[in-house]
Amino acid sequence: MTSLLIRNGTIVTDAMEFNADVYCEDGRIVAVEKGLDAPVGCEVVDAQGCYVMPGGVDPHTHMQLPFMGTVASEDFYTGTAAALAGGTTMIIDFVIPNPGERLLDAYQKWRGWAEKACADYSFHVAVTWWDDSVREDMGTLVREHGVNSFKHFMAYKGAIMADDGVLTQSFPRALELGALPTVHAENGELVDYLQKLLLSKGITGPEGHPQSRPPKVEGEAANRVIQIAGILGVPVYLVHNSASDSVDAIERAKRAGQRVFGECLAQHLVIDASVYYDKDWNRAAAYVMSPPFRAKEHQESLWKALSGGVLQTTATDHCCFCDDQKEAGRDNFARIPNGTSGVEDRMAVLWHHGVNMGRLTRTEFVALTSTNAARIFNVYPRKGAVQVGADADIVVWDPKAVRRISVETHHQNIDFNVFEGMEVTGGPAYTVSRGKVAFERGELRAERGAGRYIDRPPRAPY
Amino acid sequence: MTSLLIRNGTIVTDAMEFNADVYCEDGRIVAVEKGLDAPVGCEVVDAQGCYVMPGGVDPHTHMQLPFMGTVASEDFYTGTAAALAGGTTMIIDFVIPNPGERLLDAYQKWRGWAEKACADYSFHVAVTWWDDSVREDMGTLVREHGVNSFKHFMAYKGAIMADDGVLTQSFPRALELGALPTVHAENGELVDYLQKLLLSKGITGPEGHPQSRPPKVEGEAANRVIQIAGILGVPVYLVHNSASDSVDAIERAKRAGQRVFGECLAQHLVIDASVYYDKDWNRAAAYVMSPPFRAKEHQESLWKALSGGVLQTTATDHCCFCDDQKEAGRDNFARIPNGTSGVEDRMAVLWHHGVNMGRLTRTEFVALTSTNAARIFNVYPRKGAVQVGADADIVVWDPKAVRRISVETHHQNIDFNVFEGMEVTGGPAYTVSRGKVAFERGELRAERGAGRYIDRPPRAPY
Amino acid sequence: MTSLLIRNGTIVTDAMEFNADVYCEDGRIVAVEKGLDAPVGCEVVDAQGCYVMPGGVDPHTHMQLPFMGTVASEDFYTGTAAALAGGTTMIIDFVIPNPGERLLDAYQKWRGWAEKACADYSFHVAVTWWDDSVREDMGTLVREHGVNSFKHFMAYKGAIMADDGVLTQSFPRALELGALPTVHAENGELVDYLQKLLLSKGITGPEGHPQSRPPKVEGEAANRVIQIAGILGVPVYLVHNSASDSVDAIERAKRAGQRVFGECLAQHLVIDASVYYDKDWNRAAAYVMSPPFRAKEHQESLWKALSGGVLQTTATDHCCFCDDQKEAGRDNFARIPNGTSGVEDRMAVLWHHGVNMGRLTRTEFVALTSTNAARIFNVYPRKGAVQVGADADIVVWDPKAVRRISVETHHQNIDFNVFEGMEVTGGPAYTVSRGKVAFERGELRAERGAGRYIDRPPRAPY
Amino acid sequence: MTSLLIRNGTIVTDAMEFNADVYCEDGRIVAVEKGLDAPVGCEVVDAQGCYVMPGGVDPHTHMQLPFMGTVASEDFYTGTAAALAGGTTMIIDFVIPNPGERLLDAYQKWRGWAEKACADYSFHVAVTWWDDSVREDMGTLVREHGVNSFKHFMAYKGAIMADDGVLTQSFPRALELGALPTVHAENGELVDYLQKLLLSKGITGPEGHPQSRPPKVEGEAANRVIQIAGILGVPVYLVHNSASDSVDAIERAKRAGQRVFGECLAQHLVIDASVYYDKDWNRAAAYVMSPPFRAKEHQESLWKALSGGVLQTTATDHCCFCDDQKEAGRDNFARIPNGTSGVEDRMAVLWHHGVNMGRLTRTEFVALTSTNAARIFNVYPRKGAVQVGADADIVVWDPKAVRRISVETHHQNIDFNVFEGMEVTGGPAYTVSRGKVAFERGELRAERGAGRYIDRPPRAPY
């Protein structure tokens, strides 16, 4: 029996702050009280001066994703280890079947890949095509495999794009299963047109990437999918909102009484489109992800959407490609594998630029990095809470810890860090995963295979 | 030489009111002054107590349209005659090629059909498919045939629908030609899905029509096409906005600095969706048009959009199908030919419910029924103005004339009137077309073939 | 030692639903687990088929308020008893000093009046005038008397109105104390003008009440106070939003990153302005409260604002005046004492029209009737939670209980019920206050003086 | 008899462009046709390569205004001369009575001062206080003195501020007279509070000016006055909108069907708040005007509001104070006389940054610099039009003329130019005032006293 006592900290949840100790046994929290004594043999963590918060939940990662002709360099082992180093104790990754591939087959494949994970994980499953087998597999996944969300890509024409016809099949199916449709919202037809137009004009470098995916491309798709969901009576979750255009679409829908959830990435909150004009091709290419980074004014819009309740979650879309992989697009920006790292840095970036800068309260920080995702994807209060009965996934956060983010020191398996050089104050002193200290003041003790697949039941009570 | 003097009236334009006489020769206005004398042989109209205004321009009609397996009952002769009876002196109709049909061929066919028109007319040409010949014909039409606007249907899947791929080809082409893309905005994919869903549930009657085309279906498409136009840098004109959803999309775009024009139909301003629940199938079917009539609250939104400058024009989408034609959809609402009459009644409905009810000023009435359409489609001040040099297309409007609109008395070639029984105060005492009195206090003197095709040059100065 | 076990119910909080028993001792919850055994002497409540939820918190009542020349008929004893009968276990009432009166003096007076309360209570304190003593007393109230919110009336010119000058003094003071300014938002100058105008036209009946307080009067003041708060950097809470105008103002501010909270009353959600045109003067007068009831379309806007997160709390502004009191305005609507009952009916109305009608989920119901108010006014999780350590203020809600609301059967001390005749499904089977059953299936066992004053500390962690 | 022929130009009005000559006699346009011959003795202007447009109307100037303890350095002679040098042929200035002063007395005083004007002029009259004499004088001014607009200052507390009580008296009076209320919208109470706060913190320099008048101060007042006007049923005109906050308030009202007009100043379109941080006190002070210059993002919002129809007019608030006058606020920014020049530069700034930059079409330029103001203040088509019967107030605009704006070369009587150093392409080749060439390619021939007072009748037909 493992046991752990976290003493002297200030507990912060999404709703309150109070002083108490936390005692964990066998991976669960069994007591939250002041002045607890440590049983014999119990490991003790001193949280003096620290905040004791639910471990982060990153609801959007892509470990070892096969994509654009290569495979993401970060696998489920290294990726969840890096997550723990940053205070994140659970990820929700994506099963992405090829068009024509059975959803169940793809799901089993990803389950196999993920067995080496050090932290808990779960899977959204993508609907990239449609026939009766897809409908059937959606049912099986919900009923038998703990899946309660299905992803749809409105971009990537000719590959995994789901057009309006697929959406009108998949969304009502999700609704009857009590599952939540999630969406990557960009107008794939426009992206395709603009890519070709730019290439025909000789624009082949990374600057073509943001030019082929302007904010309206995202805003249009966001509004469209929200209207489609509204007509079909389905709640919907929009991943990685990067522009005020899509945020505004979400807000309009919420004001009209529709149930819409929105996510944004730590990266979009602090990085702007100027990076694509770096004269060093490799640096510019390293930032290529979709949606791209935006003009600076969008950042403030995202922060306000987070504090104002328009967006509910933060994620990273962590999807790592190294220099030699990015090279595939040397002559054509449209072939640069899309993706950046982030899973290790999300919480520190949110804390530093959010809490330290006065944009977020600490309770909001917890809601936005952990609790809200746990609720929306229906694993609360198992995850996202510091309370008796919850999983002992906890981060002991030192508000005074200073770190300079760098590829030199990060744990992510990628040769670039989009936050390179950013100094952040506040970070994990300890990360506790399933009741064990997996990270302690700079030392990573992640255990390969210690992570568990988390079933997510349908019909969340939101 | 024909000559005509209109005396003693109050001239109302889109910008001012003043007392003056109007003298016309050979179809043009040659003097606008107080106290003009009538030359020998000159016809004299006494406009005492009346407003002398530019004749109406209806920028959206479909005379003798082949559609949904039949042909609209109103032809260019009867349709323009009815227009004159209502004070409208010019229509802009639509050439709608079948997918695969050369635009020029279709254009010539429609030109032939229209030779019998009594009033002036012009044509938007629809882009219902795409290949290089379409691109080429668009150029020829603009340069040689006086066409400066091209229509796109986002609905009618499997027939004339233009998907996003067609729009991204056609819009930039229109832009380089100095022509204006116009759009019927409804999400055709959703309409198709909802029609099938409703039919599968046994909903086959006319009430299925509005249920398969809810406001969001229109609002989504409106927003989408505006964003597409915005990305491509093209101005765009949205026909028949019927719902606050699309009006809001236009307003947002205008506020963001985009050049967007919007039209609404006289019918949508005063008729609501309850008509589709009429127990008499034939009555309910008679109201089937797209977009359908809406819940009452949308009407006030449209009126405010007209007075507030969000919408600029009023039209009718005049497209007549008689009872036996509507029968085609007896067992399936989706097969009821879409369309209603309106060209004769538009101006009276706008005056009565607009000016008399205090929603519009008289100058706004002129702008919204005539001048704005003339400007946007670049035939101003030839049309839409009462000034020296303009075509003598004039309506002498008697604000005290009372009429009960009815199929019994209307001049339209259709066995139903959607405004049946509506009493309106204010109507044409005289309608002058090309300098001749074509309608005089109830007596229609329209002359078959007297109408002329009006060239519309590209690059309007808006 | 009192002890109570609530068995077999489904616990619903603002964030989740789960099956567990709840064991309370000495007024606090000490265990929330499945399969708890009842100690000897422990009272047992069977919650089979019921939801076990935090007791309601009504953050806006006026018991025995001296107002408009009379005193509200409901006192702290009868009012809190009625609250318990409806499932509400805490009220936050208002200390309203006369202009010139020391805040501390008024506070002590109200504390005395409230000693007879049966349920827990607290006080907002109104700032109705300004000088240095007010500044000083605000500090004393926060530091020594558990007050963390100050109320401001933008209406009631010539009486308790706080003009912009007072607001600019009081708001920064509240900010430095960590207290929350709350506001009744109506433009008092306009109300005064319109009252006089209407009276001068001979409109003296209750219909003059809504005509003198149109939605723009509220929307204007809401926007104004939000901008003032924004400039001063102070969070602000707007009471009783009744119109889409003020909801829109709140939404705009939230989207712009400002911290604004909004409340709405159960009454405004379901009653419309037609009541003021009742031919029975007494009935019409009974509905006179400010803001007045609105045209129906505002109701849907309020519901959407509740589910969409624009408004966070529901209240009643419970302020009872009987027929003979209302008579004071027989000849002048402006003299009709403003107020209606509601404290007993709020939760049932919210459940029936919210949850049963599909507008709200059960977790949202809890948030909107209890948890959010507890958080904003910083008594969470003592109130607003069903968890170990919380006060044992619990409602066991029977979703099948049917009640016809009526003055005949209600427990409120007023001779009229604005919900008269409304049949609601869902209501309290048991209300538990401080660990004791105060209401059991129709039988009220409220105990005079059992309620306690609840200190509310400053600097809530929102 | 003076006569003038303008040949070979392209006429641009608010609605169209065409090639024609313009012949003027005795101060009026008597022919607009192609190929006109010059009568004997007729002066001829060659407009080859130029645009012939209505002379500018600046609806907001303050010549020789007594204000803040001094008098504006620019008088009606020098000011209208400078206007002519810039292509503006009419100004509407302001009569501003002191509180307590009879409106008629003030009006007569200003009429006397203005007799030396070189160009046509008219007066808005301010309502700075209220009693029955004000009501009476408003009537006399409308009926007998050609006044159709009344100005209200919501700022300048303790001086000329009109509080909500004055507005509710004055607006209905204007309505019954058919006159238009105009408003300077800033919350005077907040300005006063912020000024004192800043001064108490030792902020005494010009940077205190914008800090004491943030955008919300303007947006709040704009929204308030619009709601007040809406409740009272009065159209309203907001002068000098400088921030997206007030523009948004106007847009919301227009969308809601209210008749609201908005103006913006050339200065706010291109100058931002950084000027107040100039280390040279005198330079910083020279930019002090109210509302102050704003952060850059507001500029794009204003441009979009102009092209999108939310704002209708451009003006300058021309109000000149020289260095020694500005010195009055050396130790207290609140005492720096408010005002800058602009009347000479407005049209060139609008053309260069509007038309040349692709933000405005030429027809929009005419509407925004001349026609719209003429319409709103009901002097159209006497002013604001190039058509037979109009006053011969014309600007012949050379789109290739290049000028570097500078205090060294301007004609304005002030020792500073806020546009100093700005190079503009496009400017007046000739300015024609009442049929005479008053400015010719750099040479000013303005004639003292040649300007006439222009009666503006009530009840404009907008």
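Letters are used for the chains, namely A, B, C and D, taken in the order the chains are written, and counting of residues starts over at 1 for each.
In this text, contacts are C-beta pairs under 8 Å (C-beta built on N, C-alpha and C of every residue); 3 or more make two chains touch, one makes a residue touch a chain.
Note that the structure is a prediction, hence the values are computed from the model and not measured.
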- Would you identify the chain whose Cα-based centre sits farthest away from the centre of chain A? D
- Query: What whole-Å value do you get for the distance between chain A and chain B if each is reduced to the mean of its CA atoms?
  - Reply: 50
- Message: Measuring centre to centre with CA averages, how many angstrom lie between chain B and chain D?
- Response: 39
- Residue list for chain A, restricted to those that touch at least two other chains: none
- Task: Considering only which chains touch which, label the overall pattern as line, ring, star, complete or other.
- Result: ring
- Message: Which pairs of chains touch each other in this structure?
- Response: A-B, A-C, B-D, C-D
- Query: Can you name the residues of chain D that touch chain C in the complex?
  - Reply: 163-165, 168, 187, 189-190, 193-194, 214, 216-217, 219-220, 223-224, 227-228, 230-231
- Query: So in the complex, which bits of chain A are touching chain C?
  - Reply: 12, 15-17, 251, 254-259, 300, 303-305, 307-310, 359, 361-363, 371, 375, 380-381, 387-388, 461-462
